[in-house]
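Chain lettering (A, B, C and D) follows the sequence in which the chains are written, and residue indices restart at 1 in each chain.
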Amino acid sequence: MILILKPNPDKEKIEKLMQHIKDRGLSINYSEGARTTILGLLGDTSGIDQADFEVFDIVERVQRVSEPFKQVNRKMHPEDTIIEVAGKKIGAGYFNVFAGPCSVESEQQILEVAERVKAAGASFLRGGAFKPRTSPYSFQGLEADGLKLLLEAKRQTGMPIVTEIMSEKHLDLFADVDIIQLGARNMQNFMLLKELGRSNKPILLKRGLSATMEEFLMAAEYIFAGGNHNVMLCERGIRTFETMIRNNLDISAVPLVKMLTHLPIIIDPSHAAGKREMVAPLSRSAIAAGADGLMIEVHNNPECALCDGAQSLNIPMFDDVMTDIKRRVEFENRELQTRI
Amino acid sequence: MILILKPNPDKEKIEKLMQHIKDRGLSINYSEGARTTILGLLGDTSGIDQADFEVFDIVERVQRVSEPFKQVNRKMHPEDTIIEVAGKKIGAGYFNVFAGPCSVESEQQILEVAERVKAAGASFLRGGAFKPRTSPYSFQGLEADGLKLLLEAKRQTGMPIVTEIMSEKHLDLFADVDIIQLGARNMQNFMLLKELGRSNKPILLKRGLSATMEEFLMAAEYIFAGGNHNVMLCERGIRTFETMIRNNLDISAVPLVKMLTHLPIIIDPSHAAGKREMVAPLSRSAIAAGADGLMIEVHNNPECALCDGAQSLNIPMFDDVMTDIKRRVEFENRELQTRI
Amino acid sequence: MILILKPNPDKEKIEKLMQHIKDRGLSINYSEGARTTILGLLGDTSGIDQADFEVFDIVERVQRVSEPFKQVNRKMHPEDTIIEVAGKKIGAGYFNVFAGPCSVESEQQILEVAERVKAAGASFLRGGAFKPRTSPYSFQGLEADGLKLLLEAKRQTGMPIVTEIMSEKHLDLFADVDIIQLGARNMQNFMLLKELGRSNKPILLKRGLSATMEEFLMAAEYIFAGGNHNVMLCERGIRTFETMIRNNLDISAVPLVKMLTHLPIIIDPSHAAGKREMVAPLSRSAIAAGADGLMIEVHNNPECALCDGAQSLNIPMFDDVMTDIKRRVEFENRELQTRI
Amino acid sequence: MILILKPNPDKEKIEKLMQHIKDRGLSINYSEGARTTILGLLGDTSGIDQADFEVFDIVERVQRVSEPFKQVNRKMHPEDTIIEVAGKKIGAGYFNVFAGPCSVESEQQILEVAERVKAAGASFLRGGAFKPRTSPYSFQGLEADGLKLLLEAKRQTGMPIVTEIMSEKHLDLFADVDIIQLGARNMQNFMLLKELGRSNKPILLKRGLSATMEEFLMAAEYIFAGGNHNVMLCERGIRTFETMIRNNLDISAVPLVKMLTHLPIIIDPSHAAGKREMVAPLSRSAIAAGADGLMIEVHNNPECALCDGAQSLNIPMFDDVMTDIKRRVEFENRELQTRI
């Protein structure tokens, strides 16, 4: 962290500021240029806010020079993390497809989808039981009953499940869920992050719609700080000024995540664009960019889906996409995880 | 809601789509132009997702033509809502200042600040007990103990309090809090919104950093849908591409909120810019634009504040700002609510 | 400028990098912390790109610590700049209203508007002759004929004119224009900036829709670098994710500009929102925030305007807004410049 | 285009509005729902602004239902456009790599780079002579001399050249240039667009940093409207809230452009991220998403480059990237255009 001082700072105030810095256990590199004086802070500044020093009236600006995330930082852990779930590996070249409906609607629906996505090569069944909906008047998911249907589908098909949690109060209900998803809108629900940090479940952490990369990794750091190191990241499109598509897939997040952290990164092409026609091209670009997996919405009857039908593939479309994915994962010398 | 069809749509598919629409209890205005065919949906579409129709392959695009929010819509409730809390009115010309520290740190601190902001003309004491922090290694607030200190300050000074809730689990702890704040990062924590909808507490709902106006009002609608109509909105700066300031105060939110809804709107100039020097000019612009109140961070010793010192005013600065605010509220023929 | 090195940098490479820095006439502050090594560059770095050093493979990141703008920097010129045009002062407490139609359409129209806005208290007549339109099929302005009509209106009413230039080729046509406007979409048309730098005309520089504050001031710096110091800035709304309004007025630009530079800042509330109902509240907020003037679209018959009618005030509306503006400018102890 | 009226609109005003619409040669579909009245406009609305109707006080909102672009619209021209330049095809499966330095610096430099990128498989030499720089104090390019060096490199190596134009005044200088590039900052320099529309040169149109897809295609429409149909689009990263990278490559622009228009789309991975390490992964994702080509910065000595060294590949890096590109273009069954 460096402090850039205002021009011609008062000497006494500099003394006072430097004492304040030393009191926090940091040492100082003092640099006086012709126009700018800079104090470089040496020591562990990860728990310090820039605002703590900006309050001093001789300070013009504070800039961080090292990343505030520690345990998820690749500098601290150079090798890729591999997360093992239900007999399959995620990360470091092991490629997984999570597929299933936006929301669980009935036993017949979830069973059919589970069998079909398994047959097509997906390794995990996704499905929403608790649904975060913009409108209180929209279908909110089958909730606890939806979870039961997912677990029944798991029992019958052997497909492990990933589903979203929306409240700390529900954690007990998720005891038999294989991967707990934390949704984009809850990425900075810090109480829930802490609770998930105390659990031992693998967590799929979705990036907030406007979360910076640093905030995204700090959310993962919250889970690590609680003791849970089984975190996979999921980029699902960011909010920009564009209105023709729902969100813009941030493809550069893939190489950026690979540089900054050791965690796996999954791409959700369904939410990214909100248009079914774009699932295939975005999936291709994600594989080529180096993603560790894809999360794809599939419905046995999208025209009657209770939510987000427009972005769901039907079964034959998903079969085609999976055929393409297999060729591409092989081309990249990565290993597709399947349950067939 | 209108459906814009792709060029030369198949007649049979149109029939099928129109039947599907009618099955949902809506009637249809059919319009065939030279290049574009449009189906206008007549009836209540507030619970319907655009995606429900975009899934049909003859549909190119779906556009909403009426707002999805109902109870908070000014069209349904033309007069300004006035919320009465602890003997003071909020909204419709009654102007309130909520002031206090970012976080409660000690009894001495919160008492001193409470007394001083009351004397200066604030009508509510703000202070954080549970603090949403980007880093798990930063000070997280005094939590339940912080709430006790706030209630003690209320007892001794008569200043009602507003403080942030971060979890549904904590609702009981907030029984004696006067206004519950829902923070920007939890604006779409739908479970918490539902819980607050079932309470009878006045809610200060902060806008998410990248929430659209529609999402903001839909969050308020969630609280209304649960039965709680005591909602005030708070704009606190939005996230843009600018890096010189933390957030950009969206001043146009003030007149826009006034057009769209009957709820009061409060401006938080402290979080908006993250710089103490900008609190005064942004406060002035908020009053002039028609805001119903201000939420300002004040600390008795900002240089030692445990969080966000850089944006906190010290007591003499706040005294000056309040002197200015009083003149301006009077100039606008609005009525400043004070407790002196 | 500081260079943050990657962990464990090679000593020889550091030597080579330091030599490279010295060859550019800069000296170095070397700081080696436990985890991070930083090179601070001392000397004039305003002409240096961050990329020049990021190319070295031991460099992780380069951060600028001083502003790249020099002549427009308030640090180099602490007093407010006052620009005198046609007998009126702009800046430093002198408040001007630039009013007139989006585009000049006919002699009758521009004369009527000129007389009416003069009578209401505006000090400059604005009007578009060359119009930047998103569509090639939209009305493109009366071009050179429009300029003639503006000059005729100036002759008859005594109102000096401000109008937009769109090409270096047109500079001769603007010889009798009082203030040349550079539009938002041309803010980084560097050739045009250089040409305006070589002229002696006062320039109204509009901020690009997504220009950072630094880019905005660097555009002004271009004009200064050419020798023309008569630059006033104009904030006209920035592009964000919001879709309910055309742009979001960045009100914090006003205090920020006042901190960073000595140039006057004008607010354009008409373009900022694109809605006529918002012109009055945004104007109020701009005055309160400390702006040096307003640029307002006024049309004698907005329903038949050839462009942007929706944001134009009609004459009676403008009369009301001006009455309000006068009270407010007086309240702020600023001096309204008029030509009546 | 549809007009959504305010609740309970005055009958006479509706009459007047409908007359106004008919006067513009449009017919009307009138739809009166329980809460909303909508007027659908039938006919050619491409030259009409939404603002033209928003000005009527009974109109709440105007929404466009068909795209404002015509000649570049795929609906009007279903087959992919193929542009032939210097014996090579661009678009529709023909894949081209444009490579070369950010700026031309010397004869030796441009000749060496030209030979090397040709040998590696690029089909066009890119290089900047006129450079748009944020700072007036940065190197501005060799300008006309730079163009001469490019043409000399073309003469000696047979590599056709693509280089950026910054002013209408320079058009004559570009007579022997093969493809004229219009830079991101000039994407809405409408005068230059018109001038390029009157020329017969192939144009590489770069997307503005915050240009919507519609604005991007309307810029292309400007060139078409002038009679020049040789336009290729170039996505080069958009501006978002993220600060770790310079821009975010909008990968969804590739499938979106393919849906909306018949023009080729080129991806510039060098500018998109501003980091050399990301050129390879972003190039891969672009090929997989269906782009028609890549534009890559290559320098024979990036550490001494006069601009943007950090994003330039050196020759051996580019050789590796091209080897990878060849495999991938072949995998996609597309045809790499080379000059070896």
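Keep this in mind: a contact is a pair of C-beta atoms (placed from the backbone, for glycine too) under 8 Å apart; a residue touches a chain by one contact, two chains touch by 3 or more.
From a predicted model like this one, the values you see are computed outputs, not experimental measurements.
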Q. Which chain's centre, taken as the mean of its Cα atoms, is farthest from the centre of chain C?
A. A
Q) Which pair wins on C-beta contacts, C-D or B-C? A) C-D
Q. How many angstrom between the C-alpha centroids of chain D and chain B?
A. 39
Q) Rounded to the nearest whole Å, what is the centre-to-centre distance of chain C and chain D, using the mean of the C-alpha atoms as each centre? A) 26
(Q) What's the distance between the Cα centroids of chain B and chain C, rounded to whole Å? (A) 31
Q | Shared interface positions of chain A, touching two or more other chains | A | 210, 239-241, 243
Q) In the complex of these two chains, what residues of chain A are touching chain C? A) 2, 4, 7, 29, 31, 33-36, 38, 40, 42-43, 61, 63, 65-66, 75, 210, 239-241, 243
Q) Quick one: in the complex, what on chain A touches chain B? A) 20, 46-47, 49-56, 68, 70, 132-138, 166-169, 185-186, 188-194, 197, 209-210, 215, 218, 221-222, 225-226, 239, 274-276, 302-303, 305, 307-312
**Q.** chain A-touching residues of chain D, taken from the complex the two chains share
**A.** 210, 212-214, 238, 240-245, 248-252, 254-256, 259, 272-273, 277-278, 281-282, 284-290, 328, 331
